[in-house]
Structure formats: C-alpha cells, structure tokens
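Read through the structure below, which is laid out as structure tokens, and then see the notes.
Which chain is which? They are A, B, C and D, in the order written, and residues in each are numbered from 1.
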Amino acid sequence: MKKIILSTERCKACEYCIHFCPKNAIGLTSNFNSKGYKTIAIDEVKCIGCGICYTMCPDSVIEILNDANKGVAGR
Amino acid sequence: MIKEILFSGFGGQGIVTGALCMAHICIQDGMDVTNMPQYGAEQRGGAASSDTKFVAPPGEIYDPRMEHPDVLIALTEHALAHHAKVLKKDAIVLFNTDMGTYDPSKYPNLKIYGVPCLAIGDSVGTSKSANFVMMGLAMKLTGWFTRDFCVEQIEGYFRQEHREKLIDVNIRAFDAGYNYTF
Amino acid sequence: MTKELWKGDYAYAECAIRAGCRLFAGYPITPTTELMEYVATHLPQAGGHCIIAENEANIPYILNGAAACGTYAFTTSSAPGTTLMQEGIAWASKYDIPAVLLHSQRYGGATGTLHGEGQTDYKRDVAGGGHGDYHTIVFAPASVQECVDMLYISWELAYKYRIWVVIHVGRSLCHMYEAIELPPAKSTHTKPEWCLNGKYHLFDPMCELLDDPTAYVKAQQERYNAVIDNEQRWEAGYLEDADYVIVAYGIPGRVVKKAVQDMRAAGEKVGFIRPVTIWPYPQKAFDMVSKKVKGFLSMEINDLGQMKKDVALSAKLANRDRNVLVYAFYRGEYFSTEEVKEFYGRVKNGQFEAEL
Amino acid sequence: MAKNYTTPTVITGKNTYCNGCGHSIVIKTICQLLDEMNLQEKCVIVHGVGCCTMLGLNGIVKLSTMHFSHGKTMAAATGVARCIDDGVLVIGYHGDGDAYNIGFSETFNAGYRNENVVDIVINNSLYGMTGGQMSHTTLIGEWTENTPEGRDPEVTGYPLRFPEMVKNALPHAFLARGGVFNPTEVRKTKALLKHAFERQLSRDGYSLVEILSMCPTNAHKTPLEVRQWVEDEMGAYYKLGVIQEGASRGLIENF
C-alpha cells in the first residue's frame, strides 16, 4: 500500500512537482503555510508513485513510501 | 676574544663557501661561531661578502653581523675599497693582485699583502680555488689553526656537503697558499 | 650534546619536522627559499606533505584546511608574501584554526631590500595583519638557537590557544649560520576533539554567537587574556636600579644587551629589555623596572619607529602616577654597540629630546 | 519494483534557499548519495562564499562543513584532502562565481596538482547572493544587474566553459556537466556525482562536476520560466554529459 507524506510547512510553491507530474496528480491548494506560500496536495488515486516530484522537489516536501514494509531508501 | 674574518668579492668566487668552511673549521675546534653571508640578486657576478666570527672558549657572540674584521680576504678591488673603513687597526688584508691593484698609501693602518691567488690556484688545479689559497695564507699569517687541522676539516666539510671531488684540489690550493712566500 | 653548524633556514626546517609538522605549503622567496627546499626534500620522508603552492595568498587556506584536520601545518615567507597571507590568517580566526608562519622580514616596503636587516613589519604583525578581532602570538627571536626553540613549541601553543603563531625574524636569521643544538624529534601528537574527521559536529565557534553572543564574546576574551597572561616572554637585565632602560628586540636586542653589559661595567645605571614575544608585549618586564626609572630608550631598525608606542604604553602602564619619558631611536640601518652607547650618552646628558 | 522515496537522513528540513533554487535540489541529491553510499559520517564539505555558504552556516544539512574566503574553497579543500583520514569524502561545493571568477586560480591549481577532491560547481550564470551580477558564465545577451543591455562579449569576454578548457590538458580523474532543470537530468547528475564520489574514494584524483542550476530570484522570473530558460539556453551553450574520464592514478605515467 502506497503512502504519501507531505511536509507542507517546508513548501515554497515553486510548482516543479506540478509541472513534471506525468499523471497531473499534484495541484496547489488555497491553503497558506507559515511562510506564506500556497501548499501542494497530491491526488493519491491518480498517483503512481513514480517519484518524479520527489526528485525535483527542492525543499524535501514530498516523501513516497511505495512499500511501507521496506526500509527507507538507501539504508 | 671574538675573532672575525671576512671574505669579500664577486658571487661565484667562493666567497660564501670559503667563509662557511672557515666556520666549519672553527666549530670543529669547539668554538662558538656565526657566519653571515650577504649577496645580491645575481647568482653570479654581484658583490658578495661573507663574515665568520668565532670565539673560544664558547661564549655568546652578541652581534652576528660584520663589525670589525681582523682579516679581510679581498678578491676584488671593490671588496677592499668597500670594507677598508670598518677593519680593525692593523688588520690583515689579503688582496687579489690578479684582478686589480691597490694603493698602499691610502690604507696606512692596514697590513695589506698582494697575492696572485688566481695564478696560484691555477697552478695547482683551478683558479676557482683562489678562496682556499687565501684561506691557507691567512691561517699561516694569523696562526689561528694549524695546517693539519684545517686540511682535515676542509675534507670533512666537503664530505658533509657531498662534494667529495672538490676535496683534493682545495687542499692543494690551501697548501699552496699556506706555503706561499712573498 | 655537541653543537652543530646550521644555516638558519635549514635549522628551522629540520626543527619543524622534528616538532611534528606534517604539512608545509610554500612559495619560493628569498630569504626563506632554502627552508622550503629542505622541507621539500625531508618532509615527505617523514610522511608529510610539501605543497608547492600557486601563490602566497592561497597558502594559509591550504594550511587552514590541513590544520582543521588536526595536522601541524607550517609555512614561511618574506615580507611581500606574508602580506598576501594576511587574509587567510584573518580567516583562520573564524574557526580559531592554529598554524605557524615563519616570517622573515625584508627592510622596506613593496619588495623591500635584502642587503640589510629590517624591522619594518613590526606594526603589522603585532596588530594581527588582517581584518577582524584577532591576534597572533608573535615571537621575535634573536638567534638561530632561540628561533629553533620557539618553533619547537609553536604548535603546542598554537593548538593550546587555537591561534596562529608568527615567528617574526629578520633576514639575517634565515641566512646566517650559527652553532646550535637541535631538539629531539617529538612523538606524534593526538588530534584534538574539535578537528574535522568527517562526522558532523559544531565546528564553527561563530555558530555559538548566533545562539548566545555574550558567551561567545566572553570565551574569546578569556582566550586572548590567557595568552596575554601566560605567554609574555622576554630577556632583561639590571632593571632593579636602572635609571634608563633600553628596549630592543631581535638581533638589535643582542647588540643592546652587549652595550648595556659594557656600560654597567663602566658604572652606568642602565638596564635592558629584549622582548621575545612582541604580541603579547612583555608588560611584566616593564612592571619589574625600578619605579625611579627616568626614561626608556626604544631602539629599532626602521624609518618611522614602529615599536616606540608599545614601549610608551608599557612604560605608562607600569608607572601610572607619572609620565615616564620615552626616547626613540630608529633608522633603517643596523646600529652597533658604540652607537647604542652614544645614544644613551646623549639621552643621559639631555641632548636628545624625548619623543613620547 | 516498489521503491521508497524518503528525505535523506542528514537533511534537517530547514531550508533557507529561495523557492525554486537549484542549490536545494543539488544538496538533496548529494545527501541521497551519501545515504546510499553510507557516507553520512565520512564526508567533509568545504563550501565557498555566496549562496553555497548557507549549506553549512544555516544548518540545512547535518554534515561536517567548513568555508573560507571568496574563491579559496579549493585551496582549503586541498589542505583537508591531504590530511584527512582515508575513506573520507572531501567535497568542494561552490558556485560559478566562486569557482571560475575569484577562485579560478584555486580551482585550476587544485586540478593541476590533481588533488583528491570532488569539486561541485553550481552554475546559475550569475552571482546569486549579491543580487544577480554578471559572472564568467553569464550567457551572451543575458540580462543581469550589471549588464542591463545584455552581456556584450566584445566588452566582457565570452562565457567560460571551464571543464572544456582543461579537458585533456591535465590528468583529471573525471570532468562532467549535469543539470537540475528536469527530473531526467537530476537523475543523470546523481549518477555523475556518484561516479565522481567513487573515483575520489579510490583516490584517483580531481573530479569536477558542473551543474546547471536555476536562480529564479535574480532572473526576476517564476521558477518554471527560469527552469525552461536553463534547459533551452544554458543547455545549448553548456553541453551536458561526461567531458573527461581520466585514467586511474597509477596509469597516468605516460600522460
């Protein structure tokens, strides 16, 4: 079961993730975080867990656990 | 009593080497030594001088630079003209007559000896060992060190510097100077 | 142990290797070129690195990088080269990184000259040299033996206080030969905890500044005050009953000592102070001078009189209730024992006006 | 294959870079690699002065970092590389201004001596921290604060391709150029960095990886516009990929 963790407090709304999502699963919400940026939200149904948004995200907002049983990537 | 010997001439004439070998001889005799070379930007041909001071029994030499030499080995005219005023009264000057002349009347307070040191050096091997010809003569005139001790230490000095091929020619030059008669 | 004849440059190079220096970066410049040549030959044999740097400006950074890893680092240069190095020494104070510089002065500004002895970089070395609030310990030895002894303990002091140490010598001390005893080789030192090893830790003391400025400032002041309290070194004589005290450092200090001994033998009430550290300046020596002292004579080899104000300040601090006169003798040429005596005679007879 | 994408362990989450800044992506990529290669406690980053300074000073990562004066990054990294224990990764991390303008001598000479370091240069074609002035890598015609009419090469010279300049002239271990303007290039860049790290750990010498990056703030555009500009304009002038793959240290006798 896929799990998406968003640290929206870190988000600076650069929209790289939205631009590159192959499934158009990401969008800006109308919520503001404490830095004053609009935050993102991911449609978990559309998401295929490809990790492109994770790769491009400058602020480490997005984490995707495709396999929650497996340890953290690279460890 | 601090003794002082000054080698002076052009760079390349063995000024620094001669004075340093002198310092080596002194330290091997258990004395306190300083040696202060002075040379210009030119590697060869600029005015150079090197001053060796020594004192026995070992005591502190307060001023390591040249003050009032007891002996001047002048390999050029300039060396004599430049340093004559600082020499001690009745200092011994060994002047290289192969490369210039001097007017004894200008230096009444000095004991100047004209020595054709280049020719003497040439006759025993090379004119480049003129510095050791002068050193040999200086040792004879001052009696600071015996001939045998100097020869032994000259050999030791060049061995220490890994320049063994220079030992023989320089000892021959030293002897030629030591045995020179006016 | 018998004394050996060593050229200054070679002696310092050998001493540095024996003291545990394992990284040297240098750039050829008279009169310290021979030091670099010796290090380049012998340091790799001892398992160290000799880096022939591209210019002097980068050398302190190479040293800072190495010293940050706990390695005893060393460089040497002459006046124009050390000027380029000041930036890196100032930056070392950011992380309190310790290293050692042997600075052989030339006489004069710009390229300077090599024909005489000079003390023209006193002002810069004592003040620190670069930007920011920092000091370096500055040794001003007067003989090859003393310089060797200072260099031998330099890294221990540098690491103890986390501060650069500058050995401030004249040209002569590098080129001259003297009969000296070299100290034995030290065993390897343990690297301090603060040094870089690849693990994350707070390496930058300035980070504390962001959290607690007062604590950081207090720590800095305590560190420098400890240096001032503990590391003043000097040689002095005949201070207890001296009417006049002559102050000179480096090789001129030797000349002054000899002149003072001669004058004492002739019945003159004169003493001498030869600062061995010029930062911290040996205030304690001035405190030991007779409170009835009539004046201090500052003697140095430069054109503008760079040390005279330090002498005046120390004289003032030692005699706060009155104005002790300071007579300054400075010129860009060596002076002899006779000239010291003559200067003293003129001061004593009121023929020389006090400058400060 | 199910793969987990998690934030690297050394990233603290505090990030003081502007929105859309390429630095953040590069730093995250480096940290990912450190996690994968298990080097979190065996790494020293010597960074330059400029926006790269925030890497160490602002606590963005929990790594051993140090920095010195403008342009002196590779001089300090030289000292560290010579004296640090074997098996510790030494990274020089700086921008194009630090590496190619003020620090040209240091960068070149560290490579010239073939010091055992990885030099990562973030090329965003301008000085970021000072507010967007021309650097050596500013493109012809590009607007910056001090080239208001666009960069004129007749006056300011031509943009510098440093890796190409030293390519095959010196026995560098590895020269390459990557980019962080799209996910494909980020992943390729990660592979380049990994290769450079491996070459450094096997003590093969100097590696330089230049990375094309975005600076939306000083370009006065949105992150997405700048990303497109980097991909189209900078990518055309600065060719991506491996530029030099040097021999291992033992084999360079006949260089």
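Everything that follows uses one rule, which is that a contact is a pair of C-beta atoms (placed from the backbone, for glycine too) under 8 Å apart; a residue touches a chain by one contact, two chains touch by 3 or more.
It should be emphasised that the depicted structure is a prediction, and the values quoted were computed from it without experimental measurement.
The chain pair with the larger count of C-beta pairs in contact, out of C-D and B-C, is C-D. Chain centres here are means of the Cα atoms, and by that rule the chain farthest away from chain C is A. Centroid to centroid, with C-alpha atoms defining each point, chain C and chain D lie 41 Å apart. Averaged C-alpha coordinates give centres for chain A and chain C that are 60 Å from one another.
Chain B and chain C have centres, each the mean of its CA atoms, that are 34 Å apart.
Centres computed as Cα averages put chain A at a distance of 86 Å from chain B. For chain A, no residue reaches two or more other chains under the stated contact definition. Within chain C, not a single residue touches two or more of the remaining chains.
A linear topology is adopted by the chain contact network, the touching chains following one after another without closure. Of all possible chain pairs, the ones that touch are A-D, B-C, C-D. By the touch criterion stated above, chain D contacts chain C in their complex at residues 10, 40-44, 46, 56-57, 62-66, 68-69, 72, 75-85, 88-89, 105-106, 109, 112-113.
By the touch criterion stated above, chain A contacts chain D in their complex at residues 7, 10, 12-16, 19-20, 37, 49, 51-52, 54-60, 62-67, 70-75. By the touch rule above, chain B contacts chain C in their complex via residues 20, 23-24, 27, 31-38, 40-41, 58, 60, 62-65, 67.
Listing the residues of chain C that touch chain D in their complex gives 22-23, 25, 49, 51, 53-55, 58-59, 61-71, 73, 87-88, 91, 94-95, 196-201, 203-204, 207. Contacts from chain C toward chain B in the complex involve residues 3-5, 114-115, 117, 143, 172, 175-179, 251, 254-255, 257-258, 334, 336-337.
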